[in-house]
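Written below as structure tokens is the structure these notes are about.
Order of writing sets the chain letters: A, B, C and D. Residues in each chain are counted from 1.
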């Protein structure tokens, strides 16, 4: 027996070296303004411009969309995006702003789009020249996506859309929306059709209104369609196949699709999302006090902090193992856990941080005395966005139980 | 004193609680509260102090600052069990007011045997609102932990941190240390040398500040506890303070339960009211179970304070621990089970969520109470073998 | 305002004094043999005799069944049994062996029995002259009690029963069984009838077989009926009303019925069930070691032990508050939590004890080196009996959600 | 050494794992295992040693004691990643055998640079089974905690506790302390002065004993680590030992998950397979989530031992902690979700439940590992500020 060999293909080895080399010299300088914690928090044009420029640079260098076919603007490689992601994270690169586009729209277009749609839409998406948003959720269709009521009516020029979408991230910056509509009220799952809708927010039939989160921040929107026209060439897949197309989208959103989403470690410097990880707990515990001593000396908190460090490492090792076929039983078993475990890890980490802070956790992020700039109580509230959105964790557990363990459907 | 099986919760306590429920239903409904404190979602909101002073005058008319003051000093001299019932209603309605601060200060003053304390209690019974200024920069309220010093002549200097509802009260009960030990001093909020610096906080139903004291001279008749006497008084009052905070949390948690259960009965997804699904039903039951445990321990603690002084500290720490845990769990589930709408500013649940997070950590979170209980119930570390 | 008054009635005050006085002089001596941990564990005739003699003595002194009408052998008092229970517990009295009789059969007979049935059955039940067992569960009807298949067929002399009951505690000692049968296969809830069945285990149509628990112990039985005759005068309430009668039984089993069950603190001396409470954890932690120090010095274990002490006290204070009408909102809210919270408290306490023991938790109760006689790992396994039996805790949560919170039925 | 993205789990490892799966499906099915170890439910069963020696001979024929022995000493020299895959299968089938004990001892011997160690490893590769005797009466295996002494002449006296599968092995690897420090000694189980006293244990798939040593003279060639060298060898082997235990737990937990899921797919209550109910479905998912976390950390730990020695201890403690927590949770749910039948002796789940409880506490439970990790990752208490 010899030492086990590294399993990367020659193509992968070359690609990894390329990523490393490019990242060593091309990370963007830290901006003068505050960067958002993640794509959902982008609030200003200057933030957006900075991040789009970064995504475009990374795309031009082949670090974004490298596994997509080259005829649509991709890199034409195989199984390489995860390597770029790994190197981006290791380099502490900022995140990519076109999150809905990269994670949801692009793979859906690849699987369900026409040749013309793929040629028109994918390249500007990968290059962050066109930002995407998602129109799935409605006030009456949260966890129960099949209850979508936004209606697209056929007319001579194509379709006319009426309805109300909510939780639409990036809507005010977006060029396109992936839009799930009802086209037949008499059928549930078979009565839905999927469109890519242009976001001409010029007042004619399209209204975008910000939703205020419990933190007081913006970031989500309501989008109201009132007899809004969409041409038929923007329909994705056939009429009545909207549910199947949406499932492709959700599979990729949950990290279980065949196309790995380009992603990175987070941001740069002090605004880095990585500081919301368990490592941030250790730093925090050394600065906060409990019973007159550093909180990092409290054995109960030490135990809880280490538990978070373990869960964080387990999450990363799940990602690693998911790519090793010999050590995965069911192809969806690890990918479908991604959103569930990450969102609960973030929530529990933030809750523990508030506990470490003690009475200082009462302070708002605008208070100069708030530990770590008040980001932890804020992050704890925002964590409910992750455990609720994109299929609440209750729904995630149903999906895992049914698709992986084969249990009877709960609905 | 015998231990009353019914916790000593008598008819008068019942009337006080019922009156509070009705008053607050009329004048501090969730709609009214949201309109009052959540009108703005701007970050600057975090350092403002918004409350309904007209409602506070009604509360004063009902004598709520007098309930805990001994009869001999012009109060109603009700037991802590009755106060617990009242504060449950305050928490249920998440009322912004200086009542809780004043009740906590009342128990501290009542534990001081001084003319100053007696005078202060008479003033409280007449409607004066008071807040404790006894926490240091690191968040500790242990007797020796104090960033305010008192000179031998009674001149205060330093800063008191995490002062609750500082901008709603007339007087601060300030802890200060000197060469002779810890003393307690009544200081008017507008006295010379006093600067109230608002904190920006997450909770919308409270205000909080740190108070800078620069050469604040306290006359002898406003010394509540002489240097050296303050620590004992604070320790004696602590079980009452913890019980009052637990009552606010239990009341607020019950609102969270009932509001979320109502949502689960009416919100339809997958063609069913979501309460049909065990992933919603069972967490709601767990909320109830945690609330009931905390509520039973709450009245146990209040009854012990009234009737079994030796058990008061243990019972109060148990109540605060259980209430903090219930508050944490109920807050999380109230948002999660409301789904997307629960995550919005417009939804009422955010108000209780934030009040509970604040309550949880005031005067020690659940783990802090358990660590202190362990010292009492298992012996200190190194002394148990 | 004056100090709040104690709310006991004069009758209650007198009764409490009587209980105190009698218990002061009449607790039974500790037996030479090992007493079981609870009624479910009674294994030998000598254990049964000792405990039955104790129940009879307590009955004769008026401490058992005091709230039952005197014409049926009760004490004819009102709201006094809880006082006796309180004093029995405070005195450390042994438990009563006729647990199914006192907790389930007696209140059901009072509510649904004929005058003749009440006169015949109640007095010997209270006096432990006749032991009762319960025939509800079946292999296919665990949590789903309405699925009972044991069939009672009408004939000229009464009824003939065929079927298979499981988890029948005390069956081999019992004179009577409360027996839930199907009498109409065409209807579910309306097709059931309730009997009190004599347990003539003489081989004619009735077979009792012990079930072995995962601990290796006996205590439960299977009972097989094969054309077993029951006369019609042993039917409780009307034909087809079995489900309603069973609900009365279960309400009392769960502690939510109007008639308080006579009970006590547990056993006597070292075999006392009270040593399985959280106080036992404190003792255990002082004797076991972790990292070279007493486990009671480990801050994380201290935290966990105190949490159990708090839950234990909360349980007791729930019982106290349940009797104070002004501090209870819904009459079933606290009583229906009884079984759920107690069983999970016992389970979590035992699990924590095993953690305190460390590697010594591997030892069986027959090992001379096992800490605390090996009772904790044993108790941990047995705790699943409590969380599963008498309506699994999953079913308990359904009941609480539906009956107290008014949520839609999950079935 | 580079860190292989695929953990270094290569084709050979895959073949070893597949072979194990098939062998144990055929020769140690749950039915066969229950018949073998649970034939009696009498209390006296607890101190017996029941296992399938014919199966053990098959395992020896496949060279399973040789897998971890270096090639130079007659073994296969496979990485710990491959061993982890093998032991997962052992745990999944809950096999009673001295394999785990022998593998643990192999890593200890491999960490000793002595002729005695090399000889012992050659014997292990040829089929000798060995168990570690390194735990003291209080359950500690820290180097200094030891109830066996060695004289300067190599004569052992005292008792070693919690020796695993002592009645299935030929040799004990005994830790003893002397004036020159801790040494390790190979002692035949039937040597003069050695008394194996069976413990009565709950787990039916193992045996355990304490071993009394009275004037046991160990010749020089059977000294595995000289006095003073033993502690370092034990510390070097500990990550492997923890990883092996984690592998057994992960494999066993997967059996618990699959068996309980199968029951939930088929058992009907309320006219539905019980897996329909979220109160059953969601705990099953939580079992899976915990198992997967533990399994990923398991291969992480094995890979670190093989390729990143500096990270080995941290990764191994993380794996043992996560695996112990998963084992605890899965054991509880496997009984609870089976309902009444799960609580019986005849049901197979009891066998895995008991094996897991045993695994959880061997060489430190989850909290112990986290406390050690805290020292590494946060600094020792008092040194962190």
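Throughout what follows, a residue touches a chain if its C-beta (ideal position, glycine included) is under 8 Å from a C-beta of that chain, and two chains touch if they have at least 3 such contacts.
Note that this is a predicted model, so its numbers are computed, not measured.
A.B. asks: Among the remaining chains, which ones contact both chain A and chain B?
C.D. replies: Of all the chains present, those in contact with both chain A and chain B are C, D.
A.B. asks: Pick the pair with more C-beta contacts: B-D or A-D?
C.D. replies: A-D
A.B. asks: Can you give the whole-Å distance between the Cα centres of chain B and chain D?
C.D. replies: About 52 Å, centre to centre.
A.B. asks: Quick one: chain B and chain C, Cα centre-to-centre, how many Å?
C.D. replies: Centre separation, chain B to chain C: 40 Å.
A.B. asks: Could you pull out the residues of chain B that touch at least 2 other chains?
C.D. replies: 277-280, 282, 367, 371
A.B. asks: Give the residues of chain C that touch two or more other chains, as numbers and ranges in rising order.
C.D. replies: Within chain C, the residues that touch at least two other chains are 299-300, 303, 394, 397-398, 410.
A.B. asks: Mind listing the chain A positions that touch chain B in their complex?
C.D. replies: 137, 139-140, 142-144, 147, 166-167, 211-214, 216, 289-292, 300-301, 347, 351, 354-355, 357-367, 369-370, 377, 380-381, 384-385, 387-389, 392-394, 397-398, 410-411
A.B. asks: Quick check: in the complex, which residue numbers of chain D touch chain A?
C.D. replies: Contacts found on chain D: 1-2, 4-10, 12-14, 71, 76-79, 81-82, 257, 261, 264-265, 272-273, 275-278, 280-282, 284-286, 288-289, 292-297, 299-300, 306, 315, 318, 321-322, 367, 370-371, 373-374, 377-379, 381-382, 384-385.
A.B. asks: Can you tell me which positions in chain C touch chain A when the two form their complex?
C.D. replies: 298-300, 303
A.B. asks: Chain D touches which residues of chain B in the complex?
C.D. replies: Residues of chain B touching chain D: 277-279, 282.
A.B. asks: Hey, which residues of chain A end up touching chain D in the complex?
C.D. replies: 1, 3-8, 282, 285-286, 293-294, 296-297, 299, 302-303, 305-307, 309-311, 313-315, 317-318, 320-321, 323-324, 326-327, 333-334, 337, 340-341, 394, 397-398, 400-402, 404-410
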